[in-house]
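First chain A sits with chain B, and in the next complex the same chain sits with chain C.
Up next, the complex of A and B:
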């Protein structure tokens, strides 16, 4: 159990700043997902915490202990890699036990009990004597997780553990992850670019972009109230719709909204309105305030439809319930609830949200 | 009459049944051109390799002295019988095996240690210079190396003797003394070929996936565990290859010793290759030395077969592994 504190930790490769100087705290016993697109520096940040890479600036503290220059073996961390890393000549059980061999806190019997327990949680009991070469990638990755968990160390790091694993094994892995989470309270950092995974596993998601953590919040909070347009765009499938304002002397009109908005400082420069596709209501023509046209229709998980709509000069994506009776070419009506709209200026969320004017038919 | 290639090609285009066209068509068939390009190499190989080997094989069944002027006399397996009954041959062979085992053994251990040292000091300044310097013995001609080691070992003018004298120690006639000659020659072979094993060790280490080394670091494996479970698991085939190449090569050691001791003093450093050379080019008993050469060839083939077997073992492993 350990609290991890980053103080100005950054990493430059030559002229490229892979990780901007970052101040951040990973609370003791929490699961934090580092989420972001490829190349955003999330893996580099994790590797510095693991001790596999050295920061070019700043300090890393584990429970107040400075570990910045220390090698990985002195940090009491376990790690699961993107590719399942196994000791090929050993069996499954031996692989799990290997990292425990030098643990003086455990007796031989205690070690065996620990291995048995972990193998059970990972549903690997029946493969315990199997050689690694006989296992598929997904099972190997579960062995890797078992090995990391068995150590019972302060911090476990996951570096995109499901990326190279097929779908079924992925769900198995995630289930196993949740199970061992229920039993053990270790500080976990989980790097992923898969938002669904981050949403399901994390206590908190740290959203990363261009080497910096742009926002850190509970999954639903991050989803509902992204601090940046990037967060709105990156989270969700598809991400937020973004609308550009048409200024009209002090007020700004957005396609999809019946009335113009009064701007806090009257300045429409760099302003964007974001709204999530599942928040847009779609009804038959005339039923809702704003008329729109269905351009395309795509079916998604669970038979829901994803509609591409044109309202005024804007195109919007909206998610509708299964079997909604709208087809391409249809004229429909929509409503974008103002309570679910977010305003951004130059990509950053506006503190003072613009208000819609009263004149509904302006 | 000579025709420029360009001319015949144009001609061929306009006149399909012409020789040029048929030649072009022949060249366009997939197998013809590659075969044609291989011919020079194959010819070279046949003239300089296959023919002499077959000649050697034939000669080994004859009694033939190059100096007597008499024609070769067929003796069947007479030469082979005489070789197998020759205690000197057996002595030279056992000496050679001892030489191979010691030289390759020491070179492997030293190479592994130095290789690991270099590998672990990747950020050390001057590493490249040190590596380059380490590899110089390997690129020297063995005869040249032999010559200057003979000078280094020289009891009167040699650097080594001068150093011993400087330390107040008695000088040693390294190459002239029957007790030290074998060891001194062995030391030069180790000096010369350890870099090769360093190179192979570095290649073996380069074949270890970085993530596995990082995992071993995270899992806090000891150095020996890391060596056994990670490094040797991935690198053992390359190392094995190096050891086998060295074995085959050490078995043929001739030039290095030729220049230092010429097999002496007595026959303490007489390896089979030296013996073969002396019998062939001092005594000129060509039939007998051909037969010995055939036997050595068979031993080399045995080594090579082992080597190929190990390589195939690697291929088999690859096929067994699930994708």
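Up next, the complex of A and C:
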């Protein structure tokens, strides 16, 4: 149970700045997901928190205690890696117990009780005597989580634990994660590039790009109000549609919207409008304000359709309910609700949102 | 079995016997009398005698030579492998600046023929007063064994994923524990291989023991050379007894550790993902 504060923490490898100097706080007892594409520095950031890597600048504080130069064992952290590493000659229970051997606070009986408890939480009781070689990667990963949890550290770090695990085992792992979460309130940092996982597990998601945390917010807030075009694009499957403006005097027209927008500063330079595919309404021709043409249709999860539409000169992706009667080549009509549109200038969300003009024919 | 496999086996036996013949000759000779050894045609059936052993082993120089050989080999090899293991670990894990160059430099010690370094080493040992001292000779052999050991062990340690280190470190182990409990057991075959190769090297060493050693630290090869001639010719009974005793330790070592040696040779080919 520990609050982790980063003060200007950065890491350079030669001339490459893998992690930009970062100020950040991981609140006590929270689950924070570091989410970002491969190579954005999220794993490097986590390794510095774990003590496996030393920052080239800045300080790391655990509950106000400076741990920047301290080795991993003095930090009261546990970590689960992409690849579960364990003693193959020992059983599941022995592997979990091993890390507790040096803990002077625990008696032999206390140790066994702890192992039993953790195995139960991770639903591994029936495998406790099994050898490691008999387990699949997913189960091994659960043993690795059990081992990390058993040490009862203030901080647990997860470095993409589900990347090498097949889908079913992944669900089990996530269920086990939630279960131990319900009982213990450690500070958890979870690195992933899987947004579904981040959305499911996190209290807060810290979105990373090019070695910097670009935004940190609750999952739904991050999804609904991305601070950057990158967030809009990276989150969601597919991500936001982005539309370029066609300037007309002091106003800008976006394909897909019936009327032009009055720009707050009259400057269309670098402006983009983003809207999520599931927010776009699609109806039969003439039913909604803007006409569009269906270019392609793909079926997605739950029988929903993903339509590729052309409206004016723009192409848009829209998600429609199951059995929507639109086929490629059809003419349909769409509406992009202005309340769900986000404006970005040079990739950053505009503070003052442009307003749609009343004049449809301007 | 087919004729083909019979022939094959016969051939193998023939080759084995051919190579074993000199060894058999020297071992059998040690149980013969001096006249039997050199008689033509060789005497194959004879009444074995232990008189040679009694005579040779009652010579304190020879006994002392054996003890010296054991002491020098074992201590030099243990020191060399201990130092090399830690050096190889650092080279493999921390990759200090210039690792490749340092590794090359280490190997270059072995590129020079030993005899080329004999004079400076002799002068140095005399100057420092290390000649014929156990510490001096042991450290020299350790120094000579280190390069090869570092190379072998670095290969083995490179083969153990860093994930083991990291998993250990973040689960509460310190470096010492990681090295001793996680890495060392996994590179055991490499350690044994390094021990054996170096043991055989030091066990066989003659030149440097002769030059920088002396009466106190003389090992078996030197004792053998010194005692070779007696009574106006080669003392064959002496040679055969000392040689027979001399080849036993290496054979024992290889025999006892062959399991590890085989693992060492196949290491890296049968390992899966961690």
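In this section, the second predicted complex is superposed on the first by the 361 of 362 C-alpha atoms of A that agree within 3 Å, B and C clash if a C-alpha of one lies under 4 Å from a C-alpha of the other, contacts with A are read in each partner's own complex, and residues count from 1 in each chain.
Keep in mind that, in the parts below, a residue touches a chain if its C-beta (ideal position, glycine included) is under 8 Å from a C-beta of that chain, and two chains touch if they have at least 3 such contacts.
Every value quoted in this text rests on a predicted model; they were computed, and no experiment measured them.
Superposition of the two structures on chain A leads chain B and chain C into a clash. In the superposed pair of complexes, A:52 makes contact with chain B and with chain C alike. Look at A:281: by the touch rule set out above, it reaches neither chain B nor chain C. When the shared chain is aligned, chain B and chain C each come close enough to touch A:72. In the superposition on chain A, contact of A:147 is made with both chain B and chain C.
With both structures placed on the common chain, the touch criterion links A:106 to neither chain B nor chain C.
In the superposition on chain A, A:85 makes contact with both chain B and chain C. Looking at chain A, you'll find residues 50-52, 71-73, 77-79, 81, 83, 85, 99, 102, 147, 151 touch chain B in one structure and chain C in the other.
Those residues of chain C lying in contact with chain A across their complex are 161, 163-164, 166-167, 169-175, 273-274.
Within the complex formed with chain B, the chain A residues making contact are 50-52, 71-73, 77-79, 81-83, 85, 87-90, 98-99, 102, 133-134, 136, 147, 151. Interface residues of chain A facing chain C in the complex, by the touch rule stated above, are 50-52, 71-73, 77-79, 81, 83, 85-86, 99, 102-103, 144, 147-148, 151, 157. Against chain A, in their complex, chain B makes its touches with residues 209, 211-212, 214-215, 217-222, 225, 229-230, 233, 320-322.
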